[in-house]
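I've put the structures underneath this note.
There are two complexes below, and they share chain A, which is joined by chain B in the first and by chain C in the second.
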Partner chain A sequence: MIAQLTLGERRAGLIILVAIALVGLAMAIAGGNGPFGVHGALVLVGAIAGTFWLLGHYLDAPPRAERLREYYDDPSKVGVALAMIWAVAGMGFGVWVAALLAWPEFTLDQEWASFGRIRPIHTTGVIFGFGGNALIATSFYVMQRTCRTRLPDQLGAWFVLLGYNLFCVLATTGYAMGVTQSKEYAEPEWYVDLWLLVVWVTYFIVYLRTLAHRREPHIYVANWYYLAFVLVVAMLHIVNGLAVPVSFGTDKSYPLFSGVQDALTEWWYGHNAVAFFLTSGFLGMMYYFLPVRAGRPIYSYRLSIISFWGITFMYMWVGSHHLHYTALPQWVQTLGMTFSIILLVPSWGSAANALLTLNGAWHKVRDDATLRFMMVAAVFYGLTTFEGSFLAIRSVNSLSHYTDWTVGHVHAGALGWVAMISFGSVYAMVPWIWKRRAMYSPALVEVHFWLALAGTLIYVIAMWNSGIIQGLMWRTYNESGTLAYSFVDSLVAMRPYYIARTVGGLCFFAGAVLGCLNIYLTATRAPASSAGDSAVTADPRPPVGAMQPAE
Partner chain B sequence: MFRLHDWLEQRSIALALGIIAAASVGGMVEIAPLFTIHQTVEDAPDMRLYTPLELAGRNIYIREGCYACHSQMIRTLRDEVERYGPYSLAVESKYDHPMLWGSKRTGPDLARVGGKYSDDWHVAHLTDPRAVVPQSVMPAYRFLAAKALPTERLPDHLRAQRAVGVPYSEEMIANAKADAFGQAAPDSSQAEGAKARYGADTTISSFDGEPGRLTEMDALVAYLQVLGRLTRVPYASSIAGPP
Partner chain C sequence: MKPERDPVTGRLTTGHEWNGLTELDTPVPKPVYFFLIVFLLFCVGYWLLMPAWPLGTTYTKGLLHQDERASVTARVKAAAEQRASWTSMIEVDHAATVLEDAALMARVRETGRTLFADNCAMCHGMEARGGPGFPSLVSGTPLWGATTDALFQTIMVGINSDHPDSRTSQMPAFGRDGILDATQIDAVVAYVRSLSQPIAPTDRIAKGRELFAANCAACHGEGGNGNSEIGVPDLTDTRWIYGGDSASIRQSIWRGRQGHMPSWDGRLQLWQRRVLALYLVDLRRHAP
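Now for the complex of A and B:
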């Protein structure tokens, strides 16, 4: 890894690590034995370990000049490994969280293991840990191929990848210690937020510099989506993260906005975390890996333009559909609902574009579990966005809001779309970056596919049932005109579904574990391929007509 | 249009600016007008601030992630009003940095739970929910009663709250520690001070049953008991009368 860095980059890396160590030291001193101090110590130890490691290789021979003729895939390799580790950890916590609602004493009597603390560990672990690493790893891969150029330098990508993982570790260990802002998907406290900002700006710069060196006049569709993901997430993160810390030395801060304003800002953020993190970024993945794996050009270039701008413009209006019938002024609710419904058009545009791309390659979908992962992901994307538009209708939302129906909807998207497109893309990319002929075991990919599909269906169907029953029980009146069920009655009715959900989650989790194993074996044992795709001068991967400019 | 796009997709900076422009409109149109406070948030002249003890309790509520299972937002729907009380008004969370409206009701809404149960009930319930409600899936929070509440930094907390717009006075900041102690020690001299600064309706009680010792349990129960009771305005305008 370090052998690939130039001497100047090794020096810069050292300076960065020492600077981080100093910040860690300052935090450890100011924070004492509170969570802030613990995080300081963690940063300090991590940075010192990194420093020693770098020093150990500091005098290795400098990289050869020929490297510049090859794509730089080392960060993508480590990124894939990290994504899979976070997948197993995050989904493991998901199963635990699910089990807690059926067996509430399963906290082992530990403070840090109660439902309220590990639920965000699950959400952050899967969204940012698994999803984020998968996005970073694939984006580095895709930007190089579609721009036909190597990453502009070796250091930037490492800073982004490792810095981002430091963010994930600080966030999740923070929740275990009770450090949280309580804003969904934006739980990390002020200092963790600031660190993410530094990492994210660097990510954007790496992206822009790669684009600047491109040897393709046109920027390929996948990159528009990745760019929207990077840019808009930065916007959301800054506005929603505005807060005043109690002091340097405490983790605690108070958000700048309160009440209604805070609620709308939070859901403007929250829904667009879904839109730009969990949708745009993964659409970028889909627009590259699906056509390449299928060996077909994207069905319609114009459709992808319309869908892209539709999604980028309209998503930002819909956050208020999380606040129907609340104290938010009604005109904002109505606007959110209206845009949520129109949003179906560009969403289905993307899903249709993906599925129509497969025309002429359906026999491959039948035989190739990797491509099937991507196909099923596109189907779930279509289904979930339809359900989303439906749930945004005020009268439907009056039933579904606050119930498990929302959780079912989230996981139709999270498992069916986000996780499936990631697994498909990773299975496609792994043999390419490790220069293997194929995955070590295609049979294991097949098993993973069926486990994932079964897990998703069990999970989602269980939550549809429990959510709708819950919603109906809460609003049912008996003949004398009083509420028919107590809250506890509804709680008792949920239990079988919570157990079913845990089982579905276990299937999905088991699939991810198999995936890890298979990737490890591919990297270490699978036979090497003769023709690598790593040379910059070789054809970029998505060429089959996919790169043609707009007519 | 497609010709324009042909131009755009050959320029990375223009593309980036285009994305920022397209994505900015929605937020500006919807969020910015909400800051014209008078049309968004009702007036509630009797609205009081959280006492330092309640604020500390609120922070424990946040730390433990109670909001992951409990909403604090009663919607304008008949069954909700009958189950939980008058629907929530915007003004009730005007001092809530952050708001805790929540999005999932694994447990019941808590917006009006203040005064619904005794302090003892809350202590027993938080210590072992299943001893009180056998079917409950709520986690047990046994450690709260054992943990002393740190009060050293309470003035800093109030000051930070003031920085984001909550009108704590200098006097409140200076007396934050004493007020926290006094609210949980009914017969102490500090109790009077807390009442004087935060209003006659302030609950003074030895929440966890041990007046001399301030614990996290005291703080959390004090917070739960004030939920829905910072102002009376919602009761004036609604179907249901005050509790």
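Now for the complex of A and C:
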């Protein structure tokens, strides 16, 4: 990896690592034995190890100029590996945290294993660890192909990938030590947030530079979505992360906003994290890998445009539907609800565009589990966005809010849509980037598909049942005009569903473990393929900057 | 690249191409526009009727003049009025009268069960049988008395709580504070155990009896029968809050006990506290 860096990049890398080591040292001194100090030591040790590694290869021969004729896929390879490791870790914690609800004593009597700590380890592990790495890995791959150009340099991509994983490690280890901002999906504290900001802005710059050097006159739809994902997540992260640290030597900070303003900012962030992290980014993935794998043109360019702008414009308004019937003024709730309803149209536009693209390739969906992953993902995307708009209606929300229905809805999206499209894309991309004829075992992909589908269905159906029962039990009055059920009654009624949920999660987790194994075997043992698309091709055309504007 | 005709759909491509990837020039399907318009019309209607758009320091109130807070307040009030048909009787009538009224007691049982489960069960257990550190409410005499009025009072003010009229009960830490030494405590433990268990008399028990009379009887009574006037438990029965084995009794004498029960005044309404007291009396009546 170091051998691929130019001499200048090696020098820059060294400076960055030394700077990180110094920051780690300062944190370790300031934080002492507290979590802040532990994180400082972790950063210090990591940066020193990186420095030695880089120095060990510092004098290697510089990379050959011919590399510039090839796409740079090594960051994508490492990104896929990291995504799968995070998938197994994050889903493993998911199964554990699900089991805790059925068997609460399953914390091993450890502070760090209490529900409140491992639940965010699960969510961060799967959303940011698995999802984020899958997005970074595929976006590097897709942007190079659709721009017909190599990444602008080597160091930027590595900084983004490794820096992002440092963020994930600091976040999750922090939760285990009790470090949290207590904002759902934005739990990391101020110093971890600042680091992510640096990484994320770099990501945005790498993306823009690649686009600026493109050899294609048009920017493909997938890039619109990836770019929206990178840009808006930066915006959300900055605004929701505004906080004042207690001091520069502690982990604790307090958010800048308070009360209902803080709640609204948090859910503006929270729902747009769903929108731009878990939807836009993965739509970018779908718009590339699904048509390529199916060998079909996109059904409608025009529908792509209308769906993209519909989703991008309307999602920004809907966060307040998380705060129906709270201290949030009713007019804000109204806006959140109504925009959520209209949002269904562009959402279904995207799902339909994907499914109609498959016309003429349905026999491939039948035979190819990789393509089937992506098809099922599009179906779940449609189902989940319908459910989302439905749950955003105030009167429906009065039944569903605070119940497991929300959890079921989230997992229909996270398992059915996000994870399925990621697995499909990864299974498509892995043989291409490792230059293999196919996955090591297509049969194992097939097994993974059925485990994933069964796991998702068991999970989601269990949570629908449990959520609706819960909601109804909480609002049932007896003839005397008092509550018919106590809260504990509803917990007792939930137990079978909690066990079913654990079983569903276990199936999904098992599939991810098989996927890991299959990808490892593909990278190491599958027969090599001579045909690949790793060459930027002998395209004589200059980068688009030197051309006429496209339209 | 020139637009090409796709053989499957018969549509032309847009002429854009990326690494072999193309797009069809299919027009946006009509249902998309249809539903966009329908949903938008619905939203405009909703905005006209409900509070919707901000206007600087105020907002559009909507033609229905709906207000979330006003409507929930009205519904809570209406529900309370409806409930008052029987809760007012619970509040006013004597406990004895209510306990004889079968219809009213049916409501007490129904409502008491969920009130107890939501507010009391986390300490006293779903069946009110207690647990380590928390007394059973169905067997034996509760610390501060078993009548409806006594139970009602305990629920209202709590024990060692922050309520100004809280019931207070402090058992001193005889060992920690050096009132009795370890040997003396062992003797008292042996004596206390002999009160509820058939143990052959020994010198130590005799010594314990003397120490008990001098140090404990003031509260626990000569025979150790307790006193519910001041919240003192009976030591002669086999029901123990903190455990009846030697180690637990030694611990109680060494460290003392200052059990805590919160006050429910202000957290539950009058009728709810009365329902709970009546519910417990009824539960005790039917306890096996």
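To be clear about the criterion, the second predicted complex is superposed on the first by the 537 of 551 C-alpha atoms of A that agree within 3 Å, B and C clash if a C-alpha of one lies under 4 Å from a C-alpha of the other, contacts with A are read in each partner's own complex, and residues count from 1 in each chain.
Definition applied: a residue touches a chain if its C-beta (ideal position, glycine included) is under 8 Å from a C-beta of that chain, and two chains touch if they have at least 3 such contacts.
From a predicted model like this one, the values you see are computed outputs, not experimental measurements.
When the two complexes are overlaid on their common chain A, residue A:V345 makes contact with chain C while staying clear of chain B. When the two structures are aligned on the shared chain, A:Y325 is found in touch with chain B and with chain C. Shared-chain residue A:L335: touches chain B and chain C both. After overlaying the two complexes on the shared chain, residue contacts for A:V292 are found with chain C alone; chain B is out of touch. Using the contact criterion defined above for the overlaid structures, shared-chain residue A:S304 touches chain C, although it does not reach chain B.
Set side by side, chain B and chain C differ in how many residues of chain A they touch, and the one touching more is B.
After overlaying the two complexes on the shared chain, residue contacts for A:G360 are found with chain C alone; chain B is out of touch. In the superposed model, A:Y254 makes contact with chain B only, not with chain C.
The interface of chain A with chain B overlaps its interface with chain C at residues 217-218, 302, 325, 329, 335, 339, 482-483, 487-488. Considering their complex, residues 145-146, 148, 216-218, 220-221, 288, 291-292, 296-304, 306, 325, 329-331, 333-335, 337-339, 341-342, 344-345, 349, 352, 359-360, 478-489, 533 of chain A touch chain C.
Those residues of chain C that touch chain A in the shared complex are 6, 8-9, 13-14, 16-29, 32, 35-36, 39-40, 42-43, 46-47, 50-54, 59-60, 66-68, 79, 82-83, 86, 107, 110-111, 113-118, 121, 126. Listing the residues of chain A that touch chain B in their complex gives 100-102, 104-105, 107, 109, 111, 114-117, 119-120, 175, 178-184, 208, 211-212, 217-219, 224, 227-228, 231-232, 235, 239, 243-247, 250, 252-266, 268, 276, 302, 305, 309, 312-320, 322-329, 332, 335-336, 339, 398, 401-403, 406-407, 474-475, 477, 482-483, 487-488, 491-492, 549-551.
Across the interface of their complex, chain A is touched by residues 2-3, 5-6, 9-10, 12-13, 15-16, 19-20, 22-27, 29-31, 34-35, 39-41, 59, 62-69, 71, 73, 75-77, 79, 82-83, 87-108, 129-130, 133, 135-143, 153, 156-157, 160-161, 163-166 of chain B.
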